[in-house]
Amino acid sequence: MMRSNRRLAALTTLGASLGLAASLAFAQQANWHPSKWGAKDEIGAANYLTPERAAAAAKLVKTGKVYSLGIEVTPDTPAFPPRGCKLYIVQPGQHAGATLGETKTSYNDDILNCWVGIGSQLDGLGHIGIDNVYYNGVHAKDFVDSTGLKKYGIEKVPPMVTRGVLLDMAGYLGVDVVKEGTAFNKAEIEGAARKQGVEIREGDVVLFHTGWLSLIDKDPKRYGSVEPGLGKEGALYLVGKGVVAVGADTWGLEVLPFEKGVGVFEVHQILLAKNGTYILENMNTAPLAQDKAYEFMFVLGQNKYKGAVQSMINPVAIR
Amino acid sequence: MMRSNRRLAALTTLGASLGLAASLAFAQQANWHPSKWGAKDEIGAANYLTPERAAAAAKLVKTGKVYSLGIEVTPDTPAFPPRGCKLYIVQPGQHAGATLGETKTSYNDDILNCWVGIGSQLDGLGHIGIDNVYYNGVHAKDFVDSTGLKKYGIEKVPPMVTRGVLLDMAGYLGVDVVKEGTAFNKAEIEGAARKQGVEIREGDVVLFHTGWLSLIDKDPKRYGSVEPGLGKEGALYLVGKGVVAVGADTWGLEVLPFEKGVGVFEVHQILLAKNGTYILENMNTAPLAQDKAYEFMFVLGQNKYKGAVQSMINPVAIR
Amino acid sequence: MMRSNRRLAALTTLGASLGLAASLAFAQQANWHPSKWGAKDEIGAANYLTPERAAAAAKLVKTGKVYSLGIEVTPDTPAFPPRGCKLYIVQPGQHAGATLGETKTSYNDDILNCWVGIGSQLDGLGHIGIDNVYYNGVHAKDFVDSTGLKKYGIEKVPPMVTRGVLLDMAGYLGVDVVKEGTAFNKAEIEGAARKQGVEIREGDVVLFHTGWLSLIDKDPKRYGSVEPGLGKEGALYLVGKGVVAVGADTWGLEVLPFEKGVGVFEVHQILLAKNGTYILENMNTAPLAQDKAYEFMFVLGQNKYKGAVQSMINPVAIR
Amino acid sequence: MMRSNRRLAALTTLGASLGLAASLAFAQQANWHPSKWGAKDEIGAANYLTPERAAAAAKLVKTGKVYSLGIEVTPDTPAFPPRGCKLYIVQPGQHAGATLGETKTSYNDDILNCWVGIGSQLDGLGHIGIDNVYYNGVHAKDFVDSTGLKKYGIEKVPPMVTRGVLLDMAGYLGVDVVKEGTAFNKAEIEGAARKQGVEIREGDVVLFHTGWLSLIDKDPKRYGSVEPGLGKEGALYLVGKGVVAVGADTWGLEVLPFEKGVGVFEVHQILLAKNGTYILENMNTAPLAQDKAYEFMFVLGQNKYKGAVQSMINPVAIR
């Protein structure tokens, strides 16, 4: 179905109507594999990461102010059902306060029973597929195992050390919290970038600030059921720019309710499955927006549990 | 016991015999709380982190080469008993390959049943205590809860963006793998630093390369039961230097078997409980040693699960 | 402390004032170990179970009507904090509906991340202690291990096949739901037994019906914070009778708020620690009460996870 | 495929060649749904359980000797991959030996991270399907949910109180341990029953003793990879008899390697999916065989975790 001529035609028309060049990204939408990095590639847009870009990102650091983009997670953090997370603190071998050795060592240890996709997270390329077919056209039956993915495990993603760009959509729209259902497409992205005086370049990590994260405690139900976010055209636009990852201060990056005529998590499909572009969710962007920090060094080293679909993260912005 | 005059006297003598100035760090050993950052402090040596040091660290980046210091973790990764880790891959709501919506979205999700202290890890200040008393003199009964620490939770630790220093002890000792039981004390630390032409400064993260991590697959039993590592004098020396964290390519940083006259995990006690100095374990230092990368920008943003004792990590070195 | 003369005196006086003979059970309260079954005994009142009693219980079966005394458990079942339970259904190796072999075998499997003490449960003798000392005077440090009890593991408890007795306290008190804080002591137990025309004998399992379980869905907060139940004198009385186990249709058997002058879960201490008498919680007694089934064959075979403190259960009553 | 005429013909021929009447059970094999208990039925052969049969079973009790048919489970118990089980013992709110209240209550609690299908277990009707279609023709997509089955949850199975029959196949074959790959079909079942002087009746639970369980510690690899057990013809034979459940002292009941021409776990398909007949695994039958206890009262009350596929169990035999 995804390769039908009719659909290709429709997308070509869409591309034309958007006034976009017939970019490789667009051509890929109907016939999306092999990926532009070859049929064996497992890291997608992380191929854009280069030492040159890392070195250039380091040059963006002026004051050394550091931003922790990860949010705190608790058992009550809203998450896409049936996700949840529990932590247990234990004191192995120290029952009733017993200690170890002459210097009376005590210790606490901890156990997580946790869905990985909770709080601030990096979606790997094995997260979302199209009719059970994932990035680079690999079918679920060929890489999904009950105890870990045999391809696209999160451990494969190299550290992201590159230029980060914040698009303050709340500021652009003149609100504290962008309304649910507000889609960020070409016009909004270009508008916000122009207003801020930043451009989006190949190899960037782009983060949207919407203010939505401020609802996580105040109205967790609203927070977790809808959101403003990236639209389908906007996703194609950013893919065309060659970004490594797109993130937001929302639980799922893409706009919800979904745009008219756009499928269930189709923006995820476009980014992850079709283009190998990573997604960053629940990013704590407010301090960046507050400081008008629109450009910064972005550093993410995610946990490397082998075969994991995704990772709980805490990326660092420095400027 | 820890505050007895006799012990204070002994430590003062030890300090003198080591040729060290009677630093605050030393004075603290017998009467170790309140901490030098006050009785309420919860982050210890992370207080050494400053924007200036972050900016200076960014200036160390020349080529932009990036090193992922975290190791891959699997269910077979050796860990301090009874620690272990299991991952499950699931496809919620997609039984028998069912998909979501018109664009036929499929997705994988994952669940971790995992001790947090596995693979590459950051030990928080609530990890190790002395007779149930932890950093800043806080008793276990006053901050340990079964579902999360009420103080010293790992989410409190700010991102570590600072200068990293590698001490290649294997290279210094002319071996591929430093033998278990080999203690790194003042002489070895200064010797290696001198050979490499680096100095250790306040605010640094210091990593030892020993080659020990190469045994993790080849001889997991040997790997996990003993190790070369930091000695007691060496720990006091580094504390005296004002480092933020000390790490190694071993499972527990400190030398095992423990040095003669040194208690069970007493080096952990000195670093974490007495001085608030963080510990980084199972650091993948081999590529740094290979490149003679003795000085680099170190960036660590750990997951912020609230109340966790520690975190699985993947710090990034950039130079 | 537990052995002080003053306390012994107090208990002796209590015994006298209750008009009870100075039974072994009472004498044990101040000096409660070794147990009446010897210092090495690990099964307590399960020693009362005999083939004769099992055979006699089978003779109570007349119509063959079977009662399932276990309740259904879900993630929402109220439980003593921080207890909870999660179940995951998975289809290992069958991604996207793939099947096994020529006859196309599909299968579901399931994973529990669950505190054991949830729903209908059997408390083992390692559950409750007195100042870290448990049944038969064994200190926590001598049998508690992080991955399983080295004594009193639930696997040690033999199947309970014996006479069951229901005391319908709601019926006795003429209410649908007995009010929280209502203590069942000698007078109430004897009163209800007399009204029903049953006697309590050595080797019995005694279950109280209070109607409280009907609140589990209707008012889970009230359900889980207080309850009617066994009082201290009542516990001593039943111990004196030589019962194997005492249960109720409440989450914790004993009356809450605790009786005046009675300690936190002191009834648990009396039953489990001091006398090796088992506790059965969240028993679905309503169908028995409805049928006026006051005497029946009671059969319980609990899961034998080695070293577990307790077990989720579903005892069977037959009459 | 399952309903093809060719297959029906083949099965009819098989039925004839076995000398069996064309029972409903057989007729169902090709066109196996709706079940004989109607299209809405969720409990299958548990419909054979009646008060009369429970009462008759109680009459089998003569001496009152009780047998615990469940085995002990530990983290090392071999299980069908990737199954496994971990238990953690914790002391909530009692850090460093702190106690609760004036009577100094201490307590241990426990957490299971455990696949349910481990050790002695009851397979529910949602466990095994045919091309994603389960008992009564229900498709996986219509009842399988990630957090619990919406049909066939193990909580639906009523307590099994009925006549139990042991077939001592090791005794019949004159060996201690029946060899892997040995199939129990009509001839072997009838032969063993005749030798023992017992008959198999509607409503029975039939258990095979093979001695295989003695390998669980001695040779866990052999234990878990193959087994003697029920053959396809034998399964159809027992279904024809109207048994409630079939069990064995093996991990998977059915013979492995599978019989020639028999599919992967096809005996499971015949019993569970096609006929709603329950399976009991890892039954500790040796003490029954030792006592020549061929007929007994069988009582099983399994944990009622809602929506679970199966249950860890400890059935009780009494005679």
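Order as written gives the chain letters A, B, C and D; numbering starts at 1 within each chain.
What we mean here is this: contacts are C-beta pairs under 8 Å (C-beta built on N, C-alpha and C of every residue); 3 or more make two chains touch, one makes a residue touch a chain.
Composition by chain, UniProt nomenclature: A, B, C, D = Cyclase family protein.
Fair warning: this is a prediction, and the values are worked out from it, not measured in the lab.
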Call it same or different for chain A and chain B: same when shared residue numbers make up over half of all numbers used at their interface. same
If I rank B-C and B-D by number of C-beta contact pairs, which comes first? B-D
List the centre-to-centre spacing of chain A and chain B in whole Å, with centres computed as mean CA coordinates. 28
I'd like the Å distance between the centres of chain B and chain C, where a centre is the mean of that chain's Cα atoms. 46
Could you grab the centroid distance between chain B and chain D? Build each centroid from C-alpha atoms only and quote it in angstrom. 50
Where in chain D do residues touch two or more of the other chains? 82, 86, 88, 90-92, 95-98, 106, 111, 113, 132, 140, 144-147
If you connect every pair of chains that touch, what shape comes out? Choose line, ring, star, complete or other. complete
Report the residues of chain C in contact with chain A in the complex, numbered from low to high. 84, 86, 90-93, 95-96, 98, 113, 132, 139-141, 144-146
Residues on chain A engaged by chain D in the complex (per definition of touch): 82, 88, 90-91, 95-98, 106, 111, 113, 146-147
Per the touch rule, the chain B residues reaching chain A in their complex are 1, 49-59, 61-75, 81-83, 85-89, 91-92, 97, 99-117, 119-120, 126-134, 140, 144-149, 155, 158-159, 161, 263-266, 268-269, 297, 299-310, 312-316, 318
